[in-house]
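Below is one structure; the comments refer to it alone.
Here the chain labels run A, B, C, D, E and F in written order, and each chain numbers its own residues starting at 1.
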Amino acid sequence: MKTVAVRNIKRADDKTIAGLEKLGVATVHEAQGRTGLLLPYMRPIYPRARIAGSALTVLVHPGDNWMIHVAIELSQPGDIMVVGCATDNADGFFGDLLAESCRAHDIKGLVIDGGVRDTRDLTEMGFPVWSRAINAKGTVKETVGAVNVPIVCAGQYVNPGDVVIADDDGVLIVERDTAAKVLAAGINREINEESKRERLARGELGLDIYNMRPQLEKKGLVYLDNLDEYAKYEK
Amino acid sequence: MKTVAVRNIKRADDKTIAGLEKLGVATVHEAQGRTGLLLPYMRPIYPRARIAGSALTVLVHPGDNWMIHVAIELSQPGDIMVVGCATDNADGFFGDLLAESCRAHDIKGLVIDGGVRDTRDLTEMGFPVWSRAINAKGTVKETVGAVNVPIVCAGQYVNPGDVVIADDDGVLIVERDTAAKVLAAGINREINEESKRERLARGELGLDIYNMRPQLEKKGLVYLDNLDEYAKYEK
Amino acid sequence: MKTVAVRNIKRADDKTIAGLEKLGVATVHEAQGRTGLLLPYMRPIYPRARIAGSALTVLVHPGDNWMIHVAIELSQPGDIMVVGCATDNADGFFGDLLAESCRAHDIKGLVIDGGVRDTRDLTEMGFPVWSRAINAKGTVKETVGAVNVPIVCAGQYVNPGDVVIADDDGVLIVERDTAAKVLAAGINREINEESKRERLARGELGLDIYNMRPQLEKKGLVYLDNLDEYAKYEK
Amino acid sequence: MKTVAVRNIKRADDKTIAGLEKLGVATVHEAQGRTGLLLPYMRPIYPRARIAGSALTVLVHPGDNWMIHVAIELSQPGDIMVVGCATDNADGFFGDLLAESCRAHDIKGLVIDGGVRDTRDLTEMGFPVWSRAINAKGTVKETVGAVNVPIVCAGQYVNPGDVVIADDDGVLIVERDTAAKVLAAGINREINEESKRERLARGELGLDIYNMRPQLEKKGLVYLDNLDEYAKYEK
Amino acid sequence: MKTVAVRNIKRADDKTIAGLEKLGVATVHEAQGRTGLLLPYMRPIYPRARIAGSALTVLVHPGDNWMIHVAIELSQPGDIMVVGCATDNADGFFGDLLAESCRAHDIKGLVIDGGVRDTRDLTEMGFPVWSRAINAKGTVKETVGAVNVPIVCAGQYVNPGDVVIADDDGVLIVERDTAAKVLAAGINREINEESKRERLARGELGLDIYNMRPQLEKKGLVYLDNLDEYAKYEK
Amino acid sequence: MKTVAVRNIKRADDKTIAGLEKLGVATVHEAQGRTGLLLPYMRPIYPRARIAGSALTVLVHPGDNWMIHVAIELSQPGDIMVVGCATDNADGFFGDLLAESCRAHDIKGLVIDGGVRDTRDLTEMGFPVWSRAINAKGTVKETVGAVNVPIVCAGQYVNPGDVVIADDDGVLIVERDTAAKVLAAGINREINEESKRERLARGELGLDIYNMRPQLEKKGLVYLDNLDEYAKYEK
């Protein structure tokens, strides 16, 4: 295991990050071609939070949160801590004291492929967390992991400095190098969606807006009048 | 695979549906003999919604939401869209645009054995959804499924036109033909429960109200005074 | 199977219980050496409840809630009902009528390694429940289990009369005999945490407060300046 | 709950069943349009069994195997018992005594959405079982279910008398009415597959055999020479 | 956490253990009233092993196998090591070197609520293991747990010195004090089963052997002639 | 989504790969510092296979196996196909025809974060597969993915050309650049293990071989004579 902490990483610019935060997970996920999403078991501890920031990556070991302390020192204001674990483990790696410390260093939130505790306090503090579990089980500080190296978190590869977006729909990673391009695509998408939304709200059908009927027929969709016809059709 | 869309289905009458909605899932489930319940992994995206309507059934394929567009055209006001998938899949088949379209056609809500996204928007719109997952992962439109044919959704067989009831306790299917009879049984049950509730609230014991003591004794329940007796009893 | 109901059990004193309730699950869990926690699939049906009380233990069989009725008669005001099941089962063992009955006997809440229903009513009543599932599926009354004997609930051994603490972080068992000692340790811990919290809130690092740097170095943590160094370091 | 046992059901003819058995699950599943498959958690208790027969359907309740006794009397030689449960439950509903009884009545095997025990004896007897779990936990005989009515088993709707095929790949249901037609399609498919197999074994590519290249290009697949080109392509 | 290793524990006598081993898990589970079974996710790493012995209990922490080394010194020939973990964790706590060591000390096998590795070597050595996972992930030796204290393993409470039985059906705990009584009940059960088995093998029905018909009728089972009657019966 | 197929990738040399194959997953996993392991849900379809080769990476979409055809053309003899899916999906992406094709191109085996079918044929062919499920459910060919780009498979990041090792213990990735170094470390480890194995087989304790006693005492392990002392110690 590489037991390494990297001091300096590149980050995306603040404007791009702010733009991506405004668009949210579902729109940006579409805009970058449906990649970058963490597995859907990652859920927010309270509803209606939405944040974006630079990934401060942390690799921990099961039942051990030592590296989180190391990571806080290497953070920059606006970072989001992204914690992967060497194996599936749902212990409570993070609680109110660590949240206090994160806040003092302007870390915006936590994404952890593990458990979290003191969720009531975290909710009252308004410190947002996306985790795989809520779990009061505490952890030790015995095994060294890594900070600011590439990790896998909830099925997704994350480089330190990638942009993280998290809201009620889940957590998304946008690679730092493509973030500006993705933002542009997301804004276009939103404009495009707006006109679709209006037409749909007036009752127009997706079948017509997207001109799906010929393709559906070609691929074999058959319209029947009622279930009696269907019963015959089956045989 | 039958790639079929059925235009006309029979539905239960509005009064019966309204009556079942008022009773809610738990009561109606009991009233129809503890059948018809979807598996409990189906959860609402926001609390305190309760709806009932006619099942507009949709069969989709993993990662593909094409048939949902087809279904909207075949809906009637008051329907609930019930989506089963050909295999276990938690992709985000449904989001705010489709919800907008559903609402324009007076579809009351969605029950989907898959994932859903834009949950914050759906919550703000008040469009209720029961799903197995929240997942921003989008879907394609490549493979034809079916609309308004019998499906299995979350372990339950659903015919188009069956009555669907959904609330905080889960999702229940009532067969169209028996809906009126089930409603009557449910109303009786509620009346009966009311008197039980009052007696229980006054501190009477279920043991006495339901006259359970003789049966418990017959089946072998033994009362002991304390845990020391239990330690002896074991050996 | 021992089909036994024990009438009299020893309980911890009210003051100790009240003290533990105030401290909450995460703090007490640490104070007693990170033991006693139920598995994290046990979740509250509504947020922000926190209770502590004496365990009124119940052993039920899959799909059968008979013993819950037996248990209510043997309860004392302030008890928390703790229900284990002979096998993994998520049926809805408990609903609004039983909650009404529990309340009439001043049972403070329910912890059940199974399902619960009528959650909207329970929420409105303010009757707190921690369960593994929400499930409208009803149960029968055919098989005798046990009341007030030692059980395993969600991976944790529970003696009748042990102290149960439950809040947003989960459910914790404190053995009756050690409850007073654990309370003292918990209070100490809280005082100690308070000073840590203040220092962390001012921006001091855990690395310094806990003097972790020498130990991290000894165990092999290496600081690198940037990811280029890391790329070299790997080979 | 309908507590009913139906004495006489229609079955597919023996020749059709024998033909489907020979084709196996994967081929027939394709031949009938990729429908009818039970969820993949259904696994054989020993490898290399393959059977087909008429579904003798049984609906049981969690922790209760009473209806299996009722079903044996209503079986015909060559039937396969298909057991669904009213809720998710993995108790050991079936063991060596019941297998002995099934064999005396020429029931060919068991498909059960629950647990099974005495698997070593069953293996030695050569009585094949597909189940969701192996579990020594015994069951009671207290609650009446149903025999030979339509059920849902592992996510699949099954009518009594439908053809069941089971092998190492899982369990498949073929509707009785369409079985002959599906058999014909399956035989065709196998012939067709044979020629494909030979070409593939000689090293021909699926890309060429199925003429996929133009379609891949049309849908946007781009060939790059190496990963350096890919790194540029991304930005 | 009690960080304790207990040197001397009481064990059941060899004859009783040998008798229980011969009966196997399913029979003994019935004989002691359907209690004592570990959760069914515990599976053998190879088929057809059957062992019984005294429980040498071990409590480990996630990702840490230190206590297994401590336990080997405290073992007695014929013991079965039973390992519980402080939280859900599937790391590979045990491999071929530890198996070599166990064998040198005549430990008969391992039951572990965690992962195991080198399973091919263990199979070739004939060292039987029941575990929740096979996992090559290694563990550290940093955190002290306990040996020969009561633990919970896979949902079951285990006292050091209790009798452990393990075979293809799973793992069962028999309390040391009741082992002789349970053995006697098991032998009786087997004799009784033998005569049942013969009658069932001759084709007699369980319905008649156990005289179930009157009870089935009383509880509401209705026989119908065919599915047409059922269709009418439903409405 | 990058819809790209990369023609030429770098591979490790054959000798290194052969050396790693001989060492096996558990040993190499240790030798490279306990990294690189796929999640333990990846299981072989038959026991006692062990292979190593260069990763031919494939990214597929749920229910769609099109890219596997593309990958075969880009393979080199000795490659192992490693398939990741854009979302959790257990459909049967791969069967006997594709195995025939892989064999014709000397692909050594398959690692797939999805399902596989025709497992009996694959076993008879001796074509080894590690998968998350066995599932007869077929797939379509509609959506373009990627070949020979970096992917995440079962929680592990894989670059095309990395060394894959797979056996009964699971699947391991060794980065191409470090493979030679890891092989050397693995061989050393094995030599070292051999002497340990002999000492353990003679009955020496790990406690002594690894000199654990002082450290255990320092970390607080207390030896007690019996459980009576433990009962006192607890209070």
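Note that a contact is a pair of C-beta atoms (placed from the backbone, for glycine too) under 8 Å apart; a residue touches a chain by one contact, two chains touch by 3 or more.
Just so you know, these numbers come straight off a predicted model, no measurement behind them.
Distance between Cα centroids is largest for the pairing of chain E with A. Of all residue numbers used where chain D meets chain E, under half belong to both copies. The two sides are thus made of different residues. Seen from the Cα centre of chain B, the chain whose own Cα centre is farthest off is F. Chain centres here are Cα averages; for chain C and chain F they lie 38 Å apart. With centres taken as mean Cα positions, chain D sits 27 Å from chain B. Centres computed as Cα averages put chain C at a distance of 41 Å from chain D.
Multi-chain contact residues of chain A, defined as those touching 2 or more other chains: 2, 34, 86, 88, 90, 135, 137, 143, 234. Chain E meets chain F in the complex at residues 2-9, 66, 69-70, 72-73, 90, 92, 95-98, 100-101, 103-105, 115, 117-120, 123, 133-138, 141, 143-144, 148-149, 160.
Contact residues on chain E toward chain A in their complex (touch as defined above): 61-64, 86-91, 135, 137, 140, 142-143.
Put simply, chain D touches chain F in their complex at residues 25-26, 29-30, 34, 37, 40, 43, 47-48, 50, 167-170, 172, 193, 196-197, 200-203, 205-207, 210, 212, 216, 219-227, 229-230, 233-234. The touching residues of chain A, counted against chain F in their complex, run 1-2, 33-35, 39, 86, 88, 150, 152, 155-157.
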